[in-house]
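Structures for review follow.
What follows is chain A paired twice: with chain B in the first complex and chain C in the second.
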Partner chain A sequence: MISEVLLWNAIIGGVVFGAVYALIGCSLNVLAGVLRVINFAHGEFVIAGSFFSYALLNSFDIHPLVALPICAAAFFFAGIGLYYLLVPRLAHSDEPETASFLLMFGVSLMAVSVITWIFEADIRPMNFSFEPINVTLFKIPDAYGPGRDGRVLVPTARLVALVVNLGLIAALTWFFYRTLPGKALRATTMNREAVQIVGINIHRLSAMAFGLATALAGITGVLLALVVPSIDPNGGPDIALVGFIVIVLGGLGHPVGALFAGIIFGFVEQFSNLLLPQAAAQMVGFIILVAVIFVRPEGLFGKGQLK
Partner chain B sequence: MPKLTHIDEAKASRIRHTVWFALIAIVVVWFGSIPTLDGNLSLYFSLMLWVTMATSFNIIAGFTGYMPFGYVAFYGVGTYATAILVVNHDISPYIAIPAAGLAGVGLALIFAPTLRLGGIYFAIVSLALAVIMQRIVGLAPEDITGGSHGLNLGQKTERQEGYYAMLLVLVAALTTVTWLARSRLGKALKAIRDDAEAADAMGVNVQRSRLYAWLMSALFGSLCGGVQAWFTGALDPITAFDVLVTAKTVIYAMAGGLATVTGPVVGTVILVWVDELIWREFPVLNNFLLGLIIALLILFMPRGIVGTIMQRFPRMRRLIM
Partner chain C sequence: MARKQKKKTPNGKWEQARTILEMRDVHAAYHGDISILNGLSIAVNENCITGIIGPNGAGKSTALKTMYGFLHPSKGTIALDGRDISNLPPYDMMANGIAFVPQNRSLFNDLSVEDNLRLGCWQFRSDRRKVTRELEKVYGQFPILKEKRSDLAGSLSGGQQRFVELGRALVVEPKIIMLDEPTAMIAPKISREIYDFIATLPGQGITVVLVDQNVRQCVNVSDYIYILDLGRNRGEGTAATFAHDEHLKEMVADWLDYQID
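On to the complex of A and B.
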């Protein structure tokens, strides 16, 4: 019998990590849908966001929550720059998706060496904590036998990250369904040619999409540094892989689908950590990915508008 | 320019093949004499290894149009099959290497259903499968795979024999693609890559042709892994299934030009040499420059060196394979 405290921890962990995965998947899917770019370097973008917040904290004593908008703005413009540098030329290649995958692999190699060149290859601790460090959500009476109550604790930083994250997810959903640029982005995913006929400047929109995705990756990095307060410069590929699982689960190029898929994946991960031996738990995500691709290649939430 | 007649083309093809096999013969003599001349064994070995990897990757990526981003899975399984047979069961590497090749083919058969997937889905699933393989090997019982520490073949194998085995695998791989390029199967594969439906309508067995290419590609990939284990004598799950192995293979093959016989060879020779130079001159910037080269290649030369030459100078097509 699994203790009730552990069960609650898994549920809370599922929501906290799931929300982070949802953001990663959402930004990856903006790129996949609008630009047909599969961003292998996304993990490095996220880690760059973490280091951005780390540097602001250590050099200028800037609170991570204040760093959030600064990071978003900086990454947005960096993303637009990167777009004009890289993407337009990709249109010439025979198979843009595969070419983008390889191109971004090259970018990821460069990003890792720049990051390790600046911050060195060690894992950095994020020396930051809220007051109080932990919040007791509720008590479970007699969890460890009669008279010994269990407490469900959450680090405050994780709780703050979750609140910010859920706010962002709500804002993104509103953006995609209720604003003109958001609708234009979704329309581009569905039919690139038709969007141009109705008078949308596809290049400006694409640049904006790249900027948005990069800004989201940076924000995810800042939040991730709050959730897991140690930053690994070589952790990029793992993050990117989780991102790929999430976007395939949610449907390639379907930003809102990725939000749901991220939360689902967070739960699956936390519960398999709880229920399965460590060895098997690490593989569950990949097995789900392979299974979903065979059974429902358009993803759990895709409507088949993409091939 | 006079129109090429059928006989001219046959003649050109014969000349092309004679020159190509003469070049291979020269390389065999040259590389074969390195151990006796006290040359840089490791450099020549890695040159042969990567030429073979890029060439066998080309069978599935160039001729067939799939992009297996987890190609390292075959390489890794080859290294482990060899090491487990040699270390745990005291089997001679001369038997262990072919067995490793078979293990790779077996794995390719298990992965064969992924060939149903197209484009980027195939690439992502392939990548995921390679990661799964790495985890399985790393988490298997330690008395079989050595766990995360890996295995050591040091005492049981001879480095120089491994070097000659690599030369043998290299020649086998080059002969295979040369044969493939003008065989019925090779032409079927290119037809399928360009338009699967049309090829199917013309009576090409699409699925079987793809499967053959997939198995051939896996066979040489795992042989490479096996010989690599023989030569270096040590392995662990992180390096045996490193994404960088796939990445280097893809880059070398693409730099030369996919779907050409000579492309992967040219690409590998140039880039391994550049890589060596970068390592020596700028050890800190190594990965940065490697990434930069990939990005520049994709952006400015997506067809690779040989492919670009063939595109710019159509007449050169007669001379290049």
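On to the complex of A and C.
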């Protein structure tokens, strides 16, 4: 019998991590949909965001929450620079998707090298603090026997990260569904040729999309550093894999799909950690990935055809 | 027969109009290898309807795509009002007063009809008053679209989708509109509506370039017709010339399986 407290912890963990995964999925989706770029280096961009926050904290004593907008702006412009450096060359390829995969794999390898060169290969702790350290969400009376109440705690940093995260997702959804530039980005996913027919400069729009996705990756990194206050320079591939599971699950190019898929994956991960042996728990995500590809290749929320 | 009488054949109209868009000896290829246009020359006169016909694979659609910048000529020039536009990208064409409705569907299916039209107004999106005015104009021309403004574009019938595409091309008040098979796969009744609409465009100061498989319709509505084959010019003339020139008549009958009388 699993204690009620652990169950609640898994639920809260599922939401907190799920929201981070959703954000990773959203930004991968922007790239896949608008640019047809499969960003293998996304995990490294996220890690770079974490280290960006780490460096600001250690060198200038800037709190991660303050670092968030700085990181977003820096990564946005870095992303635009990277776009003009890399992506237009992909257009000369007969298979831009495959070429992008290889290209971004190369970028990912270089990014890891640069990160370990600057920060060395050790896992770094993030030394920031919130007052209070934990927030008691509620008490469960007699959870550990008569008179011994259980408390469901969540670290304040995680709670803050969750709130910021959900706010961002709401803002993104508003941007994609309510503003003309957002609709133009979605339109690019639907019909690339027609976007140019209506006179939209596809290169400028794509550069914006790349900047946006990179900024989101940086923000994700800062939030991840709040959720798990230790940064592993080699953690990129794991993050990218979670991102790929999320976009396959949610439907490629479907912004809202990524949100639900992220939360679903967060729950699945937390509950399999709770209920299954550790070795088995790590497989569950990939079992879902394979199952979705077999049963519903367009994703849970996708309705179109997957190329 | 009734349609023939309705048709205006202002013979002098084409000759008197000035050339606004001109393709001269254009060669173009996809991905640098498969050559589609092999020295094509087309002149488009202002406020006229220029028809382009020819058998399948003649390069009609490619000619339009090249004019619109999706392909760039490897040889030859495309001039708008005497200015070379051969190397402009497609997204700069609207700003130069050229609109394009391609053969394959060009709507954003998961956006509403109104959003599709609003994206058509991208060039002047910050001018809200103008956007509203242009949308009202489109709704006036195609009342059904006003009714369906909130529906997803992909849920509309083929004919209605064509209306959205035409409306979206016209919101920028283009000088020239290029139409690629505007009535392909569309019910005959709607086709007629679309042709009647196209015929009104020159009167509104809009020059039309029309590519069509439907030779009869194309010849009926056009002021001047080009016949293409294998990416080259094979014949040209006004509708009246076609009716008298035995050589042209024969060519059309042979290749296009259509009798001009």
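Simple rule for what comes next: the second predicted complex is superposed on the first by the 305 of 307 C-alpha atoms of A that agree within 3 Å, B and C clash if a C-alpha of one lies under 4 Å from a C-alpha of the other, contacts with A are read in each partner's own complex, and residues count from 1 in each chain.
Everything that follows uses one rule, which is that a residue touches a chain if its C-beta (ideal position, glycine included) is under 8 Å from a C-beta of that chain, and two chains touch if they have at least 3 such contacts.
Model, not experiment: these values are computed from the prediction.
J.: Does the chain A-based superposition show chain B and chain C clashing or fitting?
T.: Once chain A is superposed (C-alpha atoms), there is room for both chain B and chain C without a clash.
J.: Look at the residues of chain A and decide whether chain B or chain C touches more of them.
T.: Counting contacted residues of chain A, the larger count belongs to B.
J.: Counting only touches as set out at the top, which of chain B and chain C does A:D94 meet: first, second, both, neither?
T.: A:D94 contacts both chain B and chain C.
J.: How many degrees, to the nearest 10, separate the directions from chain A's C-alpha centre towards those of chain B and chain C?
T.: 80
J.: One more residue to check, A:A170. First (chain B), second (chain C), both or neither?
T.: In the superposition, A:A170 contacts neither chain B nor chain C.
J.: Pick one for A:R186: touches chain B only (first), chain C only (second), both, or neither.
T.: Only chain C is touched by A:R186; chain B is not.
J.: Once chain A of both complexes is superposed, is A:V107 in touch with chain B (first), chain C (second), both, or neither?
T.: First partner only.
J.: Applying the document's definition of touch, where does A:L137 land relative to chain B and chain C: first, second, both, or neither?
T.: Neither partner.
J.: Thinking of the overlay built on chain A, is A:I197 touched by chain B (first), by chain C (second), by both, or by neither?
T.: second
J.: Between chain B and chain C, whom does A:W117 touch in the aligned arrangement: first, second, both, or neither?
T.: After superposing on A, A:W117 lies in contact with chain B but is clear of chain C.
J.: On the overlay, how many Å separate the closest CA atoms of chain B and chain C?
T.: Here the least C-alpha separation of chain B and chain C stands at 11 Å.
J.: Could you list which residues of chain A make contact with chain B in one structure and with chain C in the other?
T.: 94
J.: Taking the touch rule as given, give the residues of chain C at its contact with chain A in the complex, in rising order.
T.: 31, 68, 70, 89-95, 99-100, 102, 105-111, 115, 118-120, 122-123, 125, 168-169, 172
J.: Okay, in this complex, where on chain A does chain C touch?
T.: Residue list for chain A touching chain C: 94, 180, 183-184, 186-187, 190-191, 193-202.
J.: Considering the complex alone, what residue numbers of chain A touch chain B?
T.: Checking each residue of chain A against chain B gives 38, 86, 89-90, 92-95, 97-99, 101-103, 105-114, 117, 237, 241, 244-245, 248, 252, 279, 282-283, 286-287, 289-290, 293-294, 297, 307.
J.: Show me the residue ranges of chain B that touch chain A in the complex, using the header's touch definition.
T.: For this pair, the touching residues of chain B are 67, 69, 113, 116-121, 123-125, 127-129, 131-132, 135-136, 139, 243, 247, 250-251, 254, 284-288, 290-295, 298-300, 302-303.
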